[in-house]
Amino acid sequence: MLGAAGLALLRIRNLFAVVMLAGIYSLLSAGLFTVMDAVDVAFTEAAVGAGISTVLFLAALALAGHHENKPGHTPLLPMLVVVITGAALVYGTMDMPGFGDPDNPVHHHVADHYLEESPHEIGIPNVVTAVLASYRGYDTMGETTVVFAAAVGVMLLLAGGVRSRGRAGRQAGEEGDG
Amino acid sequence: MSVDLFVSHYNYWVVIFLMMVGFYILISRGNLIKKIVGLNVFQTSVFMLYISMGKITGGTPPILLDDPHGEGEAVGHVLYSNPLPHVLILTAIVVGIATTSVGLALAVRIKEAYGTLEEDEINRVEAQTEAAE
Amino acid sequence: MREEIVVRVGAKVLTPFIIMFALYVHFHGDYSPGGGFQAGVILAAAFALLALVYGLEAVQRVLPPWFAQMCAGLGVLIYAGVGVVTVLLGHNYLGYGALAHDPEHGQHYGIMAVELGVLVTVFGVMVTVFYLFAGRGTMKP
Amino acid sequence: MIAEHLPILQVVLPLLAAPVCIFLRNPRAAGALAVLTSWSALGIALSLLREVMSTGVVSYAIGDWAPPIGIEYRVDIVNAWVLVIVATIGAVVTPYAITSVESEVDRKRIPLFYAAYLLCLTGLLGITITGDVFNVFVFLEISSLSAYALIAMGQRRRALTAAFRYLIMGSVGATFIVIGIGLLYVMTGTLNMADLAALLPEVWDSRTVKVAYGFLGVGMCLKLALFPLHLWLPNAYAFAPSAVTAFMASTATKVAVYMLLRLFLSIFGRHFSFEVMGLDLILLPLALVAIVSMSLVAIFQVDVKRLLAYSSVAQIGYMILGLSFASVTGLTATLLHLFNHALMKGALFMALGCVVYRIGSVHIDAMVGLGKRMPYTMAAFVVGGLSLVGVPLTVGFVSKWYLILGALEKGGLWMGVAAIVLVTSVMALVYVWRVVEVAYLRDFAGDERVREAPWSLLVPTWALVLANLYFGIDAVRISAVARGAAEALMIGIGS
Amino acid sequence: MTASTLLLLSLAVPAAGAAVILLLRYNPNAREAASLVTAGALFTIVLRIYLAVSVGDRPALVLAEPIPGIPIALEAEPLGVLFALVASFLWIVTTMYSIGYMRGHPLRPEIRDVMATLGIDRDREKRQARFYLFFAFAIAAVMGVAFAGNLFTLFVFYEVLTLTTFPLVTHSRSEAARKAGRVYLGVLFTTSVVFQLLAIVWTYAIAGTLDFQDGGILSGRAAGAVVPVLLGLFVFGIGKAAVMPFHRWLPAAMVAPTPVSALLHAVAVVKAGVFAVLKVTVYIFGIDFIAATGASVWLMWVAAATIILASLVAFTKNNLKVRLAYSTVSQLSYVVLGAMLANQLGVVGGGMHIAMHAFGKITLFFCAGVIIISTNRTEVSQLKGLGRVMPITFGAFFIGALSIVGLPPTGGAWSKWFLGMGSLEAGQIGLVAVLMLSSLLSLVYLMEIPLQGFFGRPRRAPDRDAAGEDDHDHGGDFHTPPRWSMAAIITTAVACVILFLYPEPFYRLMTMVAGP
């Protein structure tokens, strides 16, 4: 189903439909996350992917129009790049430990510590929160900063009306400095 | 290719397929908004890859069932999925939406400046400006 | 302004629940999925809903843009500030153990504080971004 | 007490200052805060370098969690060196920005501008200092997002498309890096760099690690604009505001080069990189093609900023070339060129910023006769240009020296590589000299009111110009640091 | 004052002079007085260094260390002292000449036009200041080349010299000057970076040092095909030696004002080139090592070819300065040839030719400059009969030409003699023939000028009556040569003769270099 949504995204040229589909795609993936025990992630993906980003896309579309032109050039090169990248990834997964195998190295080492020690060291049952806010709290601070940076970026770009262009103001203001 | 390998890895491969669909949209489409959609799909699929890594068959979400102040003996008996990929992906999702919002803001500004969101048309306008200089 | 009375009343009724839910998500993040980020998003969504129903200007009277911007910065300051406090208390950066005599309690306080920071920033940012996108349209029809 | 927290302060200080900039709302006050912050960052970076030089690796466990459980800041001579580079440029460009930005950015946006600028600085410092691979990604995004916005602040509308292209390519790069990190994580179960370095040899044989290597490499090369993944760079540099160009050109790609070195040499190790993956054989042709083709393209540019941007891609080729030598001398050249190129490109772009400030354009026809009108600005350009060419007594020569020495040490066909390096420095002379000739050997025909740029722009510019000369004449100390860093990289992270 | 302080001063004095010139840029008299004083001071300093070196002292000094193990170091050794003596003495003379040339002439519209085409813009004092300024810097760089203590230092000052002379070459800023500047910088920079720098780094990679040492640093460390290739890289890489095919910059540089052509492009810059070739052969390779490996044989013939070809080209050139430039190309290869002979006589001959050719060629250029500003004539074919109007100038030209050809009673005879003997000793009879042929050629193309001057029939007689010594206002196209310039010409012409009678100092210095 995800695949179908993805392919539909590729084909459809009405951007409203695309955005809606992308939202659905996010919701579906959120479902998948829940299946894979990542409830926090699912929650967030639903809120962000299906919620916020859809709203943002719609707002942007309202400002920027919603029809996509037919792709002009032959998409051969992108296809090649994608096939190579995908093939490389598949090749890489060959030696990856099987899906869901509890003996994978990924589940040990650091992860063991989180699951076994966090009740004593931090004392909250949601290990994800414990890792998020404490063990890797610094990453989360970075994440907060990223969000903040995005806000600064959007403010820089969209705050105020259309900027005055050219250098009319500068020559006039030149007398003051130097 | 053994059946075993297929069974244990098909999940990854599906994810990779989705990833590549997103990547393809991103690099082949000329519409700037669609590019951003592609980027979103691409990233969401990468998240799935991560979450797949963290999944343990038969495991439960990493929310400890016992009283945290108890002995914690039960931890050994209940199989929890790996929490670390979840944390990483939480961060990544946030980063993704941040990128999306900046990208959309740029797209809006480009639309205002050029009157179009199609890469070809923008390139044409730019070529004209350059020739005029 | 919209005429659909049902929508307006509906939004009015819904908003407190959304806010409640956001707070629940925030404070219950220790025990169930959720936390500052999700709470911030939901909270912002509440205002977005109001804006859609009552119009941007009305909401901006309640929640002025400068306040949202302030929140965006403030959350970062709270988060990073917690780290500075732990440093001043002689621990490493973000070493929540410093916040109470008992390290476990310290962790609780610390997590609470930083989640608050996340909430404030995410709320502020989401509202700001929403205002900017929505406001762009009204100012430049 | 403060001394032991220096690593974290290095990053958190600008991070804290960024929101405060917004609160200030006053352009001058925000600028002053940015200057103060960037200078403190430089002070911290220098003392970190001193500490690392005398006592070895400094590790800082964030949140009191011992690595690999928590996130670790890990400063060794390599990243202390890069920190100093980034902080130096930050400290010089910020005061420059105050005047420059006023003329190029809306007054209302200036506090926001500084916030984004400080966030960018934060991100770059954070990438450099951290010892945790996922943390790299987070800070990479901080710096990238703010960089996209900063570039879009350019006066012409093409700045917007340049920023958008950078955003797309940068995000692809970042996503590739995330995939690479994920694959590494799935094989080892850790994200800590030192831990990874210790665990990876067990799983070297797996295809997964090799693919991870590839993805990290491609992602980083996108970020550092290695040919042919450089497409975002020329326009981004050409259309960004002057101060942003000067800052980004001297820091962003440098940090990406550092990450490449860190990943490939410290984490995977030289053995894996050079003997298993054949990194040197992959990078060598790419670097050479980058150097030659981009120098050639630069010669035909008419916009001087874009000319220098193409030159930057070529110069990045030099850095990668040094890496492809797979020797200490080659790496010394790379690390020295990180610093030297930051100095020269910083000076050059700042000089161009002065020109933009006065005449609003850096089209080569607009710069006719400027040698007389703006003598100090153009003199700065000449010295910076000579440094770019690699004339002795400038820093550019020092890195070129090590590059050629590295090639000759390998003997045989590498003679040809040395020759290419030398020939391309002649090409650099051609594109620099086009500008010099126009500026000095023709008569000014523009607006009579055009005169020398204000001191607030000239002083920072000349600070970098003098640094170009000083370190060109007395490079013993920086060479020693670079060589130490190169040796540390070749040994691996365990040292 | 210790000898090593003197070394530092030899660089600092011209640099300080430049600073003073910059300060006095709006006062022509003070500015030129400063130039003259600086030149005098520099010569005194070099003379004292000479005195120290001639008794076996080798003062040395480290200035800085750009790259670990490779300092910028100064050291006075006999060959360098010889070069420094020549350059610093001729600077005094050239400064005198420049004063006359650049300003000592009554200002007439048509003369101003001529001067403008020559790159002298009398209306803009700053431009003249710039001339003296870069001149002083160039001399400082020349001193750096002369006293370089290692190959790296030599390279550094070599490049500085290129850059400081670029503004002099392009002084007029005309389209021709821009083109010439491109050729100048292009050839000199390309050769020095692509070949010379490669050779230097290669040398360092082989020997681990770049210090100039008696007997060389490469013997025993390099062998096989590397040695001739490396030597070739040096010879071609030192583009200032103008070995063909990298000689194009020298005629191009003739668009510069005549004093620049005289001092820099006939003396200091080109001599810095051949000096560097000599230095490299003697102190990096060692002449015994070269002789033993036979690495230089192919280069001897390259030099020989340059000697002949450049002479032939000189024949075809009608423009006086360009003809002199090709003559210089030819003569420079004499020095290169001397170095490549790699025996005692060859090196002595080459070293002495640096000095002898310098005095001879500067005389010729001085004369050419005076002819140009006095008569507005630049082509050889226009000079018929002028010798009767300007007897001193053409007399001096005659003496200078004799010295270039290598005939007694001028200094040039000595260096040619030693070079010939060196060729014989090296067993290269063919080279002796080349030397003789080239002398013959130069005799013809140089002597044509004074002989036509004295005995030729002018196409249009200049106003002889107006040529009176103290006549300042007269018609026609002839103007009295400035006195300062004439004094300079007489000085160098006399010096050519003195050097025949008393070549002792230069000879002694060279035997210290090459062994008795």
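Just so it is clear, A, B, C, D and E label the chains in written order, and each chain counts residues from 1 on its own.
The definition used in the following text is that a residue touches a chain if its C-beta (ideal position, glycine included) is under 8 Å from a C-beta of that chain, and two chains touch if they have at least 3 such contacts.
Small disclaimer: the values here were computed from a predicted structure and weren't measured.
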Chain pair with more C-beta contacts, D-E versus A-D: A-D
Taking each chain's C-alpha mean as its centre, the one farthest from subunit C: E
Remotest chain, subunit B as reference, centres from CA atoms: E
Closest chain to the centre of mass proxy, which here is the mean CA position: D
Rounded Å distance between subunit A and subunit E, as computed from the means of their C-alpha atoms: 69
Whole-Å gap separating subunit B and subunit D, where each centre is the average of the chain's CA atoms: 28
Whole-Å gap separating subunit B and subunit E, where each centre is the average of the chain's CA atoms: 70
CA centroid of subunit C to CA centroid of subunit E, Å: 79
Multi-chain contact sites of subunit B, meaning residues that touch two or more partners: 23, 27, 53, 61, 63, 84-85, 88, 90-91, 94-95, 98-99, 101-102, 104-109, 112
Where subunit D touches two or more other chains at once, by residue number: 15, 18-19, 22, 62-63, 115, 134, 138, 141, 145, 148-149, 152, 157, 179, 185-186, 191
Pairs of chains satisfying the touch condition: A-B, A-C, A-D, B-C, B-D, C-D, D-E
Subunit C residues within the subunit B interface of the complex: 31-33, 37, 129, 132-133, 136, 140
Subunit D residues within the subunit C interface of the complex: 1, 5, 8, 12, 15-16, 18-20, 22-23, 60-64, 115
Subunit A contact footprint on subunit B (complex, rising order): 4-5, 7-14, 16-25, 27-31, 33-34, 36-38, 40-41, 44-45, 47-48, 51-66, 68-69, 72, 75, 79-91, 93-102, 104-109, 111-112, 117-118, 120-121
Sites on subunit B touched by subunit C in the complex: 61, 63, 90, 94, 101, 104-105, 108, 112
Complex contact set, residues of subunit D against subunit A: 15, 18-19, 22, 62-63, 65, 68-71, 99, 103, 106, 108-109, 112-113, 115-116, 119, 122-123, 126, 132, 134-135, 138-139, 141-142, 145-146, 148-150, 152-153, 155-157, 179, 183, 185-191, 199, 203, 206-212, 214-215, 357, 360, 447, 449, 451-454, 456
